[in-house]
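Common to both upcoming complexes is subunit A, partnered first by subunit B, then by subunit C.
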Partner chain A sequence: MSRWRYFFQRVLLSIPILFLVMTVIFVILRMGPLDPVAAMLGPEASGVQAAEIRENMGLNEPLWRQYIDYMFNLVTFNFGQSYVIQSGRSVNTLIAIYAPRTIWLGFWAVLLPLFIGIPLGFYAGLNPNSWGDYIASFSGIVWLAMPNFWLAIMLLAVLRRTQGGGFLGFDWYTIGPEVRSLIGTPPLDFIGFEEWQSLGMVPMPSGFYFDGGTLAVAIKVILPAAVVLGSASMASELRIGRTAILETINSNYVETAKAKGLSGRVILWKHVFRNALIPLVPIITNEALLLLGGSVIVEVIFGINGLGRLFFFSATQGDLPLAGALIFIFTLITISLNILQDFLYTILDPRVGYEQ
Partner chain B sequence: MSMSSDETDVVLTLRERIAANPRPALIWVAGLALLILLELGRIVGWILAAGGAVRMVIGAIPSVPWWVADNVADGLSGVSGGLSQVGGAIGFSVTAALVLIAGAFLVKSLFVPFSVSKKIGLDARQIGPDALSEHLLERLVIAAGLGVGAALILVTPVGGAVDAAVASLTNALEWVANGWTLSDRELISNEGHRSPDGGWEGTFLGLSPAIAWSIRVIVIYAYAFAALVWLWKGYTTYREHYREADWTPRDDWINRFRTHYWGIFGLIVVFGFVVLALWAPALGAANAEANLYSPYQNEFEYLTDDGQVESVAHGTANIQSRSQGGDSTVGIMSYDEYDRWAPLGTNPDGKDLFTFLAFGARTSLMIGLIGIGIATSIALMMSLITSYYKGTIDIATIVVSDTIISVPVFLMVLLLSVVFQQGNHPLADIYSGGLLLALIFGALYWPGLWRAIRGPSLQVAEQEWVDAAKSYGQTPMITMRKHMAPYILSYILIYASLLLGGVIITTAALSFLGLGINPPTPEWGRMVSDGRSYVSTSSWHIATVPGILIVLVVTGFNALGDGIRDAMDPESESGDAGATAAATGGGG
Partner chain C sequence: MESPAQTARADTDPIVEVRNLQTAFYTDKEVIRAVDGVSFDLTPGETVGIVGESGSGKSVTARSMMGLVDNPGVILAGSSIRFTHLETVREFATKFSRRTVDVEELEAEHDVRSLLERPGIDVTPAQLGYDSVESMTIADLLAAGYGDQLGLTDGDDCVFITEQSSGEVVDGFIEITRLEGKPQRAMRGGKIAMVFQDPLTSLNPVYTVGNQIKEALRLHQDLSGRAATKEAISLLEAVGIPDSRRRVAEYPHQFSGGMRQRAVIAMALACDPEVLICDEPTTALDVTIQAQILELLEELQEKRDLAIMFITHDMGVIAEVADRVNVMYAGETVETADVHTLFANPKHPYTEGLLQSIPGRQEGDRLQTIEGNVPTPNEPPTFCRFAPRCPKAFESCDSVHPVSVPVESGVDDHTAACLLYPEDVSEIDRIERHSETQSTEGEH
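And now, the complex of A and B:
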């Protein structure tokens, strides 16, 4: 089977999957033990308001009718409105406000482990069974077992102790741009468009501003949260990176390159590193997936008003339509990332698909 | 050839082999009897608890058909009343039949070594069409028997008699359970008070509570270790004296595992964790019932500053022993105001942290075992079926498992636990929501397990011995069970061990957020949450200790999984397992 055919098969397969996910969400929210209106207004939901919400959400229709409406709305990204968290606002507006913060967090949570985990793993792989290797591997293993929520509160406690020059010899509050609080939403208005011009029908941004100071604050506020969220990824990238280097360095083509008399540097960069990166591709995309689940707890602890925190509050405060829409969006992201992973694999590794 | 007679052969030969050389077996059994006798009370207590759980499950099964009938009737009630009644009746019969047949398969494979249908003179070839095979007929007969039995118990007075018999058996066992046990809290007691002359009263040999408690902990761990060693000795005795084969692949696994220090470290940690969970009531420095659950109904004695021995309720004393930072803290390895020993300090409510954590270990272990047990059984069954039949059922399972995998696990667990708990579903009340959580984990984790072992199980299905069994005329059931399951099961164990750590973290994360396990059932994550505002004060231990415990236990399970993997398959890549391990860390 050609690898492109394999890739398109995978893409096609994601359609029934998406359909099933939507059905599962519908079953949980509309047929589950919790009545959506009772969740919003309390167990004795009655009266005009309850009837209004019922009518609005279409709960008075027969179940099959509700199902078709629900599916149609999800597919057309028409998620309805929030009833509890920000009553009356459309879910789409809420997502547009909250999503950038989660993306900012996710961006750093993917980037940081890449630049710490992979180099450490490669270092450990190039110096196997040295003390450096032992320390890196061991801390990777412990790091992996550390629950994010615990790591988060420990990190916050340590950083809090540094206020006014604590035992670590630096003050996190004043280092770089000054921040007053460790937790909170990062300011993301460091870049934006000021003027819009119409170019025929299409509006075009003609001027934009950029504020370096705000950018620095945004990075500084997000850093501790990103370190925590990326911790598991960092550890597994370290582990896989180490194994990949060990496997590559003992392979025949590296032997051949040595025999040809290539310099150590060329072997390392051209033959070892490039091939060692292949097994890291699925790890990196997998990590992006893990971040989706992990963002809930990290955003709750660090007080970042992102999608994860929004999901937590919508679920616990009974805003079930909002929670359902968010789960659907998270699933959509997961499926797209899986397709992206398959795509990268198809490009990077010509062997994919032949063994199937 | 029926497999049941086959199995009887094996049992008989083992019996014969033991009869030929009874000495090693007798010595081992005598040792085992001694070990059981030492802890008779506690072991019978565990049996009672397990029996109670089994009874609850069996009691819940008959309500399933009614529940389905109600739901079908509800769903159809909008259309027409008559249709709803008919639908309900159909739903009831179909579900009841399915439950009975599933039960029949279980009963047949576990308890019935002979053919019931032959005994009562039924022959498949005489009464039915070709499709009705001997095996199916056998199960149908047993299902009918089960149905009659269930109807007798539910409808006629036979049910009352069965209840009475079970109750008297339970009473007898309870009497034993309250009797002698080595790890009795009263036997090596650390609960006593200072006497006016400077010593201690009420503690073991008048020692200080700290020392008495340490002795009890050492005795319990020594006992558990001895039991483990003895079980291991049982296996080696079997291997040396009674096993027919001189060598099996398992011997190699064990030899490789013995030199795998990382895996042994994992085994030790997991052993310590399991013992902590099993003996939680005995290991706790305080009596859990008195200190954690109903502190105002229980009193204890203490020596006041003016030399009087007075009694005070645990609840009142707890208020004075709260750890809330600053001066009011009872730290690690210290006594509180009332001379109660707190090995790991107290929590913000003044309750003993060690006792809380020991019972929390119990919660985590229960949820982990039930959840992963369910996930493992589904994954094993599905991988047997999909790798044997391949084709459509394989594709269908891929779609279903991909569906479950593509929803972020933590979000789904959170949403489901909110929906069930706020909807006041009866499942959410059992074990403070623990059972519900375990079921959710079972439902969400099997696809990952199935995916992880899909490659190996497809390979196993291609082996010559499976082909041989097929061409020899073995039924699919037996081929899967005897020739494929043992190999696939060992692969599943690796991933199950890695996932167990993930379950522990996710449960703790949910409790940290105030979901999942409801108070008063202890859970480690809740203690981290309770202590989070005191991390940088003198009461730092409240959130720190449970966190370190989680890290240790999860590392232990990961190490054990690594060890098993390297022992079974030394050439396997660590890549896959690494990815699974990452999945364990990601949720919380």
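And now, the complex of A and C:
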């Protein structure tokens, strides 16, 4: 009981955090060195036109008034229009176009370490000081040491050499579904809804299509980027997973379980894994957070038109509504990941929130 | 139904016979003989106390009996731990018939002397702790693990039947050192249960206490669902946990230390074992809780006719719980006696030292201690391992390894491994007696 109360406490606590972050964004955007009018019209903007825009955008209102409007708009997801990047288009439309690509990238970048890093780490932990362990641990350190931007470029260079059957003996371009370019935005129209029916007031999709070929292409295009983006987290999950297993398997309750006569399989799956997952939870959610920041670099190098790239350009070109909206969304993601982490903790570990 | 003779046999005869148990740990640097030739019996309804300083091999003895000795530890050939509970032998003989050996059949074909003379068999009766070839049986040889070499047994044979009449098993044993896989898991928990030292960490923190008890019930008693929960509640009640209906659904961290140890004991008893091994179960608890736990164990022993092996370094605890006491030092049993004799009339200088270091028993103001530490037994013994710390050591102690002998001629149940005994024999004869056994051991 107390642990669920603890969880709801954490959820409630995230609300003031969200408000604090929104205020900070407001302060940075409105009081920072960037003049939105200058960003729209160029540095020499002056005269009647500038004054008009200033009036239209409400920049002449008193600051507290602007603050309330701004907060209200954010909370209702009314982000306004882009100034510079795609002048005149609503920020919501832009996000709807760009976000799926980043989510696709992030999905694979989280999935790969989860299903490669953790099993490898568990394997190494269950066979400590074997050759398998040495190889896994050593490559973990190497993976961890390679920075994203460098690894991305090297991977592209190697893959490009394979065109027409290079020194690696396979052609990345033709293996599986054919692709013409290594970089670019993955096609995400492999699934979609064709018909919509209104069920009372709510529109419901009644037919959808699915294209396996496009899906394969989408996966293939995203894989190199996802491997690069996930490499660091894969390595750290491997290392933490190994330590967690080693620590758990030598604990007294595993000995007790053995003395009870349980089979090795039950001990492993019931007693070892669940306890070993506890230290991994914050690692996984933290890695997912890092992916957000890392995705900016990887998206630029791999030419993926995603949120990271959009944020990069909106920030450098002074597109304040867009940049502000994106920071707000990143904040929302961060907070929900933290809540997810607390949720997983609450499920996995009954001791959570016990000490009051 | 069993005949009265058999029932009588079951009451007085040992249920576990440990013979010449040797457990060694192989490290890069050295071989540590953590347990080096220990022998004792466990009898239903009786508590055997094992006492000694840290590092004397008490816990490794317990772990060897549970089959919990992990790499790099190995139970050496020549060791034997026999589980002689007749019903269990019958049960195992039916359940694991492929791993059962009929010793009578082998006895008809072979005799011990010719087996020992075979080339490639590098063992003497003395090494296994027997006086002569005549006092050994084929079963002894098989239990000590030489059956595979002789081609008499397969690697996974573990049930030995020594006597049958009209298809019914009358006598036999399960060799614990040869157990592995399924029969081992059936033995662990089901027949021999263990309570560990630290109750705070020996329960899994992420599962409820009830869940962990039910796990054992499902495994050995075939109980599940509501029946298992009910049984778990009554087990918690039996070990004195109040409000057990609510407690069964709580997590270990919601229990206090003493309560947790009670829960661990409940878990150990869940499968109705014949033997309970307690490895310092009260060391982590304060004295009032310790007294409660000891009382509980006594009560349970009476009710369930348990054979208890109680490991501790606390002489006070031993005095309270044990019927017989084995004093261990550096992997060897140095003295064994029943508890009253041991406390009233300790013979081995080490036992004397241990008793003197109990607060309140010393002469004068200062508490007497035994100087120094337990040595690491990393070489075969050719001298008395206690000699460097012994106040009564003399010249021969550095060159002769003492063996367990009666402290006096004619006294059988009080032995000491010390060159000072048997007391009524002259020194030259004593040393001869100790070194005689050693020289036959030393041939190999």
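We take it that the second predicted complex is superposed on the first by the 344 of 356 C-alpha atoms of A that agree within 3 Å, B and C clash if a C-alpha of one lies under 4 Å from a C-alpha of the other, contacts with A are read in each partner's own complex, and residues count from 1 in each chain.
Definition applied: a residue touches a chain if its C-beta (ideal position, glycine included) is under 8 Å from a C-beta of that chain, and two chains touch if they have at least 3 such contacts.
These numbers come from a predicted model, not from an experiment.
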item: Fit or clash between subunit C and subunit B when superposed on subunit A; value: fit
item: Partner chain in contact with A:I68 - subunit B first, subunit C second, else both or neither; value: neither
item: Contacts of A:V24 with subunit B and subunit C, given as first, second, both or neither; value: first
item: First, second, both or neither for A:A216, with subunit B first and subunit C second; value: neither
item: Subunit B versus subunit C as contact partner of A:I103, first or second or both or neither; value: neither
item: Partner chain(s) touched by A:F311 [first = subunit B, second = subunit C, both, neither]; value: first
item: Touched partner set for A:I283, first subunit B, second subunit C, both or neither; value: first
item: Greater subunit A contact set [subunit C / subunit B]; value: B
item: Partner chain(s) touched by A:I327 [first = subunit B, second = subunit C, both, neither]; value: first
item: Subunit B versus subunit C as contact partner of A:N148, first or second or both or neither; value: first
item: Where subunit B and subunit C come nearest after superposition, their Cα distance in Å; value: 16
item: Subunit B partner contacts - residues on subunit A that touch it in the complex; value: 13-14, 16-17, 20-21, 24, 28-29, 32-35, 39, 43, 62-63, 141-142, 144-150, 153-154, 156-157, 160-161, 231-233, 235-236, 239-240, 243, 279, 282-283, 286-287, 289-294, 296-297, 300, 311-312, 315-316, 318, 320, 323, 326-327, 330-331, 334-335, 338
item: In the complex, subunit B residues that touch subunit A; value: 75, 78-79, 398-400, 402-403, 406-412, 414-416, 418-420, 422-425, 501, 505, 508-509, 512-515, 525, 528, 532, 535-536, 540, 543-544, 546-547, 550-552, 554-555, 558-559, 573-575, 578-579, 581-588
item: Parts of subunit A lying in touch with subunit C, wherever the complex brings them together; value: 251-253, 255-263, 270-271, 274-275, 278, 348-351, 354
item: Residues of subunit C touching subunit A in the complex; value: 66, 68, 184-190, 193-194, 196, 198, 201-208, 215-216, 219-220, 251, 253-254, 264, 267-268, 271
